[in-house]
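By written order: A, B, C and D. Residues from 1 in each chain.
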């Protein structure tokens, strides 16, 4: 049930194969000079995958407006189909991360089979207690897991447990908990009591985790709450995850930090503590901009992967992060942005793999800051596109996924079935 | 057509009058020691007003969700009624600033009369080219006044001119132009060309300004565009306003700057250049948080007023700023927040008036940084509540507007006529 | 051995006494309306003290230049004398915090007696491994407690232990450890290894702590290292303090955080964890500006004290923070800045004490954000100067410390004995 | 008078020549596929130069400490010699920018000849009114060009004019004016008056400019002043440069902006206004960190060059920026950092040259954000090292400048003549 015809992909690849091969060969020769075997790198890259958030295939928006594109997915099955296209062409996104209740459907078994038919599995489940649903007894206007009212907290806990139950039907192994809880005024919330309530609520969710599941706690400095948030940074996240137990870990969204913060350092600390859950990849210039991964600050993304490859290289105990994209595609075709972003993440991984760890170690030990810097830069400045092209082609994907996608006419095709969505402002400036 | 009964207000005031009088008297004595006549300050404060944005009386939201309150205004007449309550009780907000097309109605003359019946006039008109309307020929997804396509720009220009025309019917004297135009990716927009198109478009709007109107250009560092915006800071705003002519000036929204930026310095520069249009008051901790004015950083608000009072004190030519609140009330009753914020702005003004300018000058000339700092602090640390209470009471308002409002039952009353609004998520995370 | 004549102070107070008494009486009446007994507040404020850092009485500088004032202290005895003046006049700074090796002297017993003669004790000891001393075997250019070289780490550990030993002679009960260790280039330092070395080194220092001492770990986001620091935020500080043991706690310097960070939230988290060591008070607009406490963002300082008073009010176990000023006085007479800043800290404390905790609790429980905000603001907007004046006067200090100090001619007096210091640039731009 | 033996360089190059040639050839083939002639790019890169600041060859420091390296230059002749090494090996830095009074000498003619013997010329002159010199009548503690005292301003003006006079003897054609003037306390400085004094003073300097000189105004958000600076951002700089006249332009130091600010946008605005003086290149993560150019955020540096190449490509009138490095080398050998940074700047330039402007234009016109982004990324991700190597080798420089430098033993050699410098703390924390 491949969304794009295989012949189309093969024909597309045929036009690019010769240069791709030459480039791969020449890069191989250059890497060999540094005693790096290109095929080994290729194999590692091929085994790397990053999950797609189901909401990522729809056009995003801001509080000012949303400008939908054509062929917007209507429901979770449409979303899965779009994810199928992404995986078919780019071969880097073998799983999908669902969001409840947005992705609720009447037959989870059918959903699982549909996903499998696209070659897709299910990554972490995402609960939603930051907006109200129509049939909801208690509003989350003033909080969910940390609400002052016990009944509201109980409702939020129950919703998270429901997400676990759905996830079990789909083969997921993790629950990501992000809450918008916080305050907009100094004094609005009692900081210590809200945190205590967070612990009380998450302990109940934790207790409902199956034995082989993990719970990912996600911190965020602000938005939608603008004076304080309950899990505002990795410190609070770490404190909570430590209180909960070994199955609770801290998830790092690249856009959820204060300006200037050294994110790769946070990654290193969480790795050392055995508490790194994984990532929500995106890029940002100002805040939680949810821009495409690596589109603004590619070296920062590389530096995060440098920590990851370093940890794997040294065999740090318990190191097993989950990878997901979490972006808002406001001005591009979401399918294109997700393919492009997945490739950017792969690229950062490949470049970090190419860093000469022995050379780096030696420079660090000798306090040779310049050579240490150059050791990283040598990895980052290596154009690893030939490796990514080879990985895709060997897996049946497209050498140039965006080109193949545009050539396929997929978007125009689905737009026939999927009705145009009216955008406009929510009036919520 | 006063929304709240005058007797109710009088009864409310009666319970507070004695302490208010004592406090006023005692503050008068303290100020007299500093050679300040409290009644003179009171008169100045009484003549100060700040406009209410019509959208401010509705509950705001974020891209994650909106949680409406009860009795949400349904249309511009409901909004005016709410503004009437604010002005009746707090006596600091004699004008309303409309937003087109949100506030469109079929009879502008009726609207003007309704406003007058509440004692309200109309401040600057606000155009909207940051979201698409249903009947719109060209989408603003990729820009409006700066769009690469001439027809889209023409549409945006025409909309702004329509706003001027509506404003003329209402007695407004200014148009505020804020555009969401910008980009989410490096490369997406040609910076210089986009700015040229901005000038080309605004020149057409400027040409349509009546002789006694002004045009307020509003800058913003980011959001909804997250890599770049066309009028990103006061420098670009100043460059554009200079190119347009004397009727074009720069509007300062307190939340539209990069972190750490010294906003009062920008105010001083624009005053010196004769280019200060006025303000959108609000407060923020992280970005364009649109929190209640002075709720997070009250001293910053005071320092802005210190520049304003200093300019007035020195008789700077052409100094005539417009004042408006621009806040998003997500967790409070908007009427309460607006009354409270207007009082906060009045308070900052009163405290700045109390600063001993001669003492400050002397300290500045002598490089006595500590005494200069104390001169400002002495103003800021003066509790001017008694003055504000007196100003309100003398104008027929409430000594304690929030208390009187809650006692009035107004919100419960209008909730009977105004149907409950369903909130929830726009799905635009 | 009072530096300023008591008669002088009494004469100074006599001129201010009448208004001070009237103001105290009237404030008492206003507070009584809120069911607050002014004398109770006064007693609490009177028992509050904040330590002076010995280096604070000298004029500070930047990497660009230092511009000394007249009468700069030559050595620790001069510094103590200046601290004596501060305490004599302002009565809020009963202890001094020394910095080794800057404050080394040949007779610690004499130093202790001298301090006692000024009514001063000794607060936390401060080690210095961020600059090289002349007789030093190993340079700290590339780190100290985390240096890649074991001998350098051993030297840094030994220095810290020496600081403890000196502190024991002086009656100190705590060691503050701040290191400049970090890196200027991505790759320069192996993040996890550097942190491990930090733990290894601090464990040795911790082992040398006397039974009744505490160890304060101080974090800082940057400077002097500009790409990464080893203890970059409260998360890393907390992780280290947890690893070390109960005597290790986290010290919060208000200027050591990323832009926009909610510092009062960090305070709340550390209180909850029993890990709040205490504070280095100062203010900042851009980075570690080391400006006078409360001079730029007084409400932020108040919000920190709101957390402290809240914790004390609720009797949180193990809550016992240490208070110190840590400022760089580049353009003022350091004695004036320190007196003024101590009063500002007292003021924030007094204002937080005045907050109606029951009213605040009720508003928080009811999600009445506006009333909760107003409960805090009511404390903050209360001018508590009369209380501070009374506290000082009753303790034998000056009603107006700055005025009394200027009148005393102390600075001119000591300038006769203390030679003028040549300033200028270190050429280290 | 080449500091390094030419034979040594040739021998060094011989070992690297074969791979360098192969890499150049292959890159040429890849670029040819994009219709780019590698030799054309090479020629453009060969004609690009960036000035070295004379102070950059000494080890930098912070307010906490300076840790000198070995063989520190003693005076301007030593500095020139070090610059000679940099230019000999890296062939990208044909000019030196002096700083008065630090670089004063008794015979400017000799200095000019010495420079010429190293193949070096002189770039912009830099005045210093941010620190006091020994023989100075008036202190700059409270400002220089904006000081409240006229005599102090006159002294600062005279110093700047002296810098012009020295520059004329050396063949310089520009004066860079950066002042540390500002304030540390709200109220300390009257913003508008200080700016007026800035204009008054700079007008006098401007009047003394030779006909073919330019005056570069440099803005900075903070440091050494920490509450406000007089020329705090490009807006104030632009306002001042406009007031002065066509020879006055705005210099952009990459580290002098608020967090998150889009610097390439500022560059675009100044280009459009004909007011871009040029650059001080460096990199930063937190503030004015003065790290090596491109070491933390290489894509940001590329985006700046994208604007420059775009302006040149379009033939913008009056576009003629000056390029200088301005870094503080605290943990590296300054010669190595300057060679490496010059190459990084060249690299960004080369990568921007490779961007397909027609493709970019088309994507921008079509609002194809993804393809526009990819057009830039394709340039940035091209490893242009082979071009840089070829440029250097053809000019007589080293294929690998750092390697050749280390092999030369230059630092050890000069350390014999240049005495070790004692570092340590200035005690100015």
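Here is the rule we use: a contact is a pair of C-beta atoms (placed from the backbone, for glycine too) under 8 Å apart; a residue touches a chain by one contact, two chains touch by 3 or more.
Note that this is a predicted model, so its numbers are computed, not measured.
Asker: I need the common contact partners of chain A and chain D, sorted by label.
Answerer: The common neighbours are B, C.
Asker: Centroid of chain A to centroid of chain B, CA atoms only: how many Å?
Answerer: The separation of the two C-alpha centroids amounts to 39 Å.
Asker: State, to the nearest whole Å, the distance from the C-alpha centre of chain B to the C-alpha centre of chain D.
Answerer: Spacing between the chain centres: roughly 42 Å.
Asker: On chain C, where are the residues touching two or more other chains?
Answerer: Touching at least two other chains: 141-142, 183-186, 188, 221-222, 227, 259-260, 262, 285-286, 292, 295-296, 299, 331-332, 367, 369-370, 373.
Asker: For this assembly, give the contact graph shape among line, ring, star, complete and other.
Answerer: Graph shape here is complete: every pair of chains touches.
Asker: Spell out the part of chain D that touches chain C in their complex, as residue ranges.
Answerer: 55, 58, 60-67, 102, 128, 130-134, 139-142, 180, 183-186, 188, 221-224, 226-227, 259, 284-287, 289-292, 295-296, 328, 330-332, 422-429
Asker: Residue numbers of chain B touching chain D in their complex, please.
Answerer: Touch list, chain B to chain D: 141-142, 148, 183-193, 195-196, 221-222, 227-228, 232-236, 238-239, 257-262, 264-266, 268-269, 271-273, 299, 303, 306-307, 310-311, 316, 360-361, 363-365, 367, 369-370, 372-373, 375-376.
Asker: Which residues of chain D touch chain A in the complex?
Answerer: Of all residues in chain D, those touching chain A are 19, 23, 26, 30, 33, 259-260, 262, 285-286, 292, 295-300, 331-333, 336-337, 340, 367, 369-370, 373-374, 377, 380-383, 385, 402.
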